[in-house]
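One chain, subunit A, links the two complexes that follow: it is found with subunit B in the first and with subunit C in the second.
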Partner chain A sequence: MRNRGRTAFIVTYLAPATLLYGVFVIWPVLQAFGFSFYKWSGMSANKTFVGFDNFKQLFHDSVFWQALEHNALIFLIGGGAILVIGVGIAHAMQGEGRLTKVLRSVYLFPNIMSLVVVAILWEFVYDPNIGLVSSLMRLFDGPVRAGAPPVDHSILGSATKALPAVIVTFVWFAVGFYIMLFSTGIRQIPSEVVEASKLDGAEGFHQFRKITLPLLWSVGRIAVIYLVINTLNVFALVFLMTQGGPDRKTEVMLTYLYEQAFVNSDYGAATALAIANFVIVMAVSGIVLRLTRKDPAGASR
Partner chain B sequence: MKTHFLALAVASASLGVLIGGCSGGSNESTADKSKHLDVVSFQGGFGIDFFKQAAKEYEANHPGVTISLTGGPRVWEQLRPQFASGTPPSLTWPGWGMDYWALIYDKQVLPLNDALAKPAFDGKGTWRDTFDPALLKLGEYQGQQYELPYHYNIMGWWYNPDTFAKHGWAVPKTFSELIALCPKIKAAGMAPLTYQGQYPDYTIKGFLFPWVISIGGIKAADDAQSLVPGAWKSDAFLQAARMIKQLRDQGFFEDGANSLSHTQSQTDFLAGKAAMIPCGTWLESEMKKTMPPGAKMAFMMPPVVDGGKGDPSAIMIGIEPWIIPTAGSNHELAIDFYKFMTSLDKAKQFVTECGTLTAIKGSDQAKMPETLVEPARLFRQSKTVYSIQFDTWYSTLGTESKHAMEALLNGSNTPEQFVDRLEAEAEKVRQSKKPIHTMTH
Partner chain C sequence: MISLLKRAGTNAVLFAFALVVIVPLLWMVFSSFKSGPEIFASPWGLPSKLHFENFAHAWQTAGIAHFFLNSLIVTVATLVVLIPIGAMAAYVFARYPFLGSKVLFGTFLGGMMFPQFLTIVPLFFLMNSLKLGSYSLYDTKLGLTIVYIAYSLPFTVFVLAGFFQTLPKDLDEAAMIDGASHSGVFWKVMLPLAKPGLIVVGIFNGIGLWNEYSLALVLMPSEANRTLPLGIANLVMVEHYQSDWGALFAGLVIVMIPVLIVYWIFREKIHETMLAGALKG
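So, the complex of A and B:
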């Protein structure tokens, strides 16, 4: 009797959340799975069932692979930089100096800003006329040789500089969150461990490498998973800064999805891409979790 | 007790508001639904006040008719789900972000040949006769009219007449005159040309196509837009691409133009950093708010190629049309309201108030901004009026052309690679099951 009451109690409390989750998350995802088997403009009720055609097309679409490659580069280079900078600054922030205090009050600023503001801000930094970067580039311009093609100080319009520029902006914007994550992680390292290591003579970088870093393992895993999700799903920043251009040199999966859905009116292809993106994020996250399963600081943590 | 009373008072008060609200609403629901129009308009540089005013006038002349006119700067995003769920408005200008042709292929747009064969607003001739035929043609598919033009733009180049007069420069009429003039402009400390690098449609419409037509005649462009095999890598396209590369290699483009947005490059032009820029007749209204005092602009034709086959009077125009959704309500009323908007009086008023040309014959007799007079005259005199439509007909080719243009302008593609890419994408469209349009002159 008591048990049944308990069950009813639990069900009552779980039902609203489950229902909302089902209606607003599960159902749309299932619906997307459904759309990916149709040819559909997204603008009428006319859908044609095409089976796996949208997926076949996707795997033969060089733009998709190019976009995926850019996502991977953002993850590897941008994500790598974020981990290094994040751990470094989080470590540096543990002291009590004046610089630390300044760091502590500013590191989350970029994260608080709207992405739109971030994009506009960095478009100014990269502006070919008045931007900081192009001004620096001009300092290193050699003398103008007669007959040589003109030097182009474009950054976001340059085939080689656009993606690095977007990655730098991404790192600048995203790193604050990871600093916070790591700094919380560092503060949770038991002080007796740190003190014991100090008594044993570990100091500075040595202590950081032997004590802090291994004990941050579980936080690091979470950080990498977040990075997988954030870099494979990056959209707004790229869309606002370059729209995937020039010549698809900054195209990522979700900007291409937008193009398929809203420029090419091909909702089937767009949802197929959405599902591929979903599967890739799940798979990479799974691989990361598996690869990092073994905690060097011991299984207990 | 006291609190109970208070609660009761609040409750009855809000009930009163509710009932009041309902009775207010019931007025509307008793209004004749067969006499109601939902009109949704893109809200760009011209705003929607003109259309709202027109709706009020129409309501005043037609007792019982109600029109709700709404708009937004990205109105196509709201319209898409409305189309998908079968509840689109009665009449709409969905704006540049709407994939019009996907709607037309999907039979979501009402065919209008019958309506156009009926009398015009003033009763003289048919409704069709009131439109400029070259503009009406742009909304046609397989002999049936789907899109109706209202205003139109003319595409060309712009220069500052004061600057040119001050330095004693003549407006270049041919490409060789342009090439001879550019070093003089550079010597005066200006970039000869700038462009909207973030949006390559401007360079496709401002450089590529005018030169393709100048070299190979209008047929070269028509064939490309009709996807005739080989047309995109014809000699005309290759040479036109080489001309663009030549301007780039000789340093005649503004440094960094590849990164500039439309407003940035247009601001640079108006600030005197560059002498010329490709743009449509919307330039003045777009830049009005940020224009430096005393800045001047005048229209010029893109310089033609010496000894080219093409008609030097060929002029490029573009429309942003209105449509009547098939699933919308009250088609007849929607047609009648649009007919009212296209009456000569209304069209002339639009030219004066919004500062742009309209597709209604005779509306160019209205008072218009000074910058429009010259392009309007060139349009009237032109023997070859054309429009770029391939990018809206075949969206994937449109996108590829923009990417290829970016690569040509930033030097990562040669002119040969540029035309090969375009032809390859055209072939992909031919292989797909998408409808193919034909364009002729």
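So, the complex of A and C:
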């Protein structure tokens, strides 16, 4: 009775999703590994097998290393700022009042917006003519001397300021998600633990350091993994704000990949870069998980 | 007294940070109502008069209306197919274990892990090679819709499978004894019960698809097919529409408004789901 048509049911109900997923996701993933061993400019006649040449070339490509360095800076500086702000705000936001809920929703909103809107909005914020930031900078210009060149207020066009500006935008966009993650982590801390620590005289920063921080360990690990993935895969923000410029000073792995594929038509090199990016994300995530395996809360007891 | 001061101090920090989030957004909204000269002259001021014509310019002259329609078509078409086929697969994974079902489910979930750019070059060629006569999947709304369905499946199957697992086991057994078929139980009993899950999945995918940029950028080059994010990005980057700042700000507001409305209505649900996804995934 129960098994009547079971197999037919399973097959027909799985088929549409599995077919689409297989053809448009899994098949391209497998193909990517193949593509990376070819030199290929798009015309099928010009496809030549080159073994690991694309990877060797990538290894000697200074632009790739520059891009990787910028990804690393976004992770270290932007990610670091996000962790500090995220834990700090989440700690300050304890309690489940109406106000807390509204604030949490406000903090999270940039994360729900289109990255396109975020990138363009911040491009405008940094604009030397109409931007909020340059209008503040102008306050510090001092008196204009006759004949002196006008003060340069460009930010995204500046070799030194562009990357920090992109990082600020990234933090603004992403931090709400991490605040939410950490406030949930804090709420999961049993209130008896907090009460007991108060009886022991732990308060304020002391309580935060001895109780809250160690108990946030497992949520913190998840947060760092998300940061690794999101910072090594930054694309739209950089592509729209600076196109990797000026002079590649904000180039990241994926903007370079886009250029190699869809500007230079060097599809083999682009796919090799995609695989390198994937391997780097997996490797860094693995290292982070391994380094943070020891839970200090468990160790100190 | 001291704790009261401390509370006030913390609240001040929380409000200050909320301002950091809100000020750029308010600036965008205010600027969308300002005249061009006003945008230059008083970046921090309120609009002296509401220049609604900025929105008319963005909507008609800059072509946002057309991009809006494209985005609406692609988003709705994706959801209409994605949700039923995602729910069907999720239901089988949750309730009908078979040899290899764990592996296949794992393969679906794996899609949430690897970056989209891993597949972007092969996908670009795949879409170019799939043709019906002269009709190619590349650079068509149908093609983008199919890709969107495929790339939204992992999250959809993950959330809905979780939902179907929580529904009581004896429900389908009772219905089967009454003579209902496997698919009858699914459509008449299970799917209605899973409605909250379907709504969550619809909201999440809807927002994500409305905002999507990278895939559309690579797969939709022609202007006629541009979705809203592509269209507004193109106005700023390629056409340098900056001679009409007001219209550009209005365009950004138009892209944001539907998301803001949906977000504010469903914000608690969105929180829950993001957390569940983040902590279990």
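Here is the rule we use: the second predicted complex is superposed on the first by the 249 of 301 C-alpha atoms of A that agree within 3 Å, B and C clash if a C-alpha of one lies under 4 Å from a C-alpha of the other, contacts with A are read in each partner's own complex, and residues count from 1 in each chain.
Operating definition for what follows: contacts are C-beta pairs under 8 Å (C-beta built on N, C-alpha and C of every residue); 3 or more make two chains touch, one makes a residue touch a chain.
Keep in mind the model is a prediction, meaning the values are calculated, not measured.
When the two complexes are overlaid on their common chain A, residue A:154 makes contact with subunit B while staying clear of subunit C. Once the two complexes are overlaid on the shared chain, A:126 sits against subunit B while remaining clear of subunit C.
Of the two partner chains, neither subunit B nor subunit C is touched by A:205. In the superposed model, A:262 makes contact with both subunit B and subunit C.
More residues of subunit A are touched by C (comparison of subunit B with subunit C). Of the two partner chains placed by the overlay, only subunit B lies in contact with A:248; subunit C stays clear of it. Contact with neither subunit B nor subunit C is seen for A:65 once the two complexes are overlaid on the shared chain. When the two structures are aligned on the shared chain, A:52 is found in touch with neither subunit B nor subunit C. Common to the subunit B and subunit C interfaces on subunit A are residues 129, 243, 262. Listing the residues of subunit A that touch subunit C in their complex gives 1-2, 4-7, 9-10, 13-14, 16-18, 20-21, 23-29, 31-32, 35, 85, 89, 92-93, 101, 103-110, 112-117, 119-125, 129-132, 135, 172, 176-177, 180-181, 184, 204, 219, 222, 226, 229, 233, 235-236, 240, 243, 254, 257, 261-262, 267, 270-271, 274-275, 277-278, 281.
Listed in rising order, the residues of subunit B touching subunit A in the complex are 80, 83-84, 86, 97, 99, 102-103, 105-108, 197-198, 248-251, 253, 255-260, 264, 268, 273, 395-396, 398-399, 402-404, 406-407, 410-413.
Every residue of subunit A that touches subunit B in the complex is listed here, in rising order: 41-46, 126-129, 134, 149-159, 243, 245-248, 259, 262-265.
Residues 6, 10, 13-14, 17-18, 20-25, 27-28, 31, 39-40, 43-44, 85-86, 88-89, 91-92, 96, 98, 104, 107-108, 111, 114-115, 117-126, 146-147, 149-151, 153-154, 157, 173, 176-177, 181-183, 186, 207, 210-211, 213-214, 218, 229-230, 232-233, 236-237, 245, 248-249, 252, 255-256, 259-260, 263-264, 267-268, 270-271, 274-275, 278-279 of subunit C are the ones touching subunit A in the complex.
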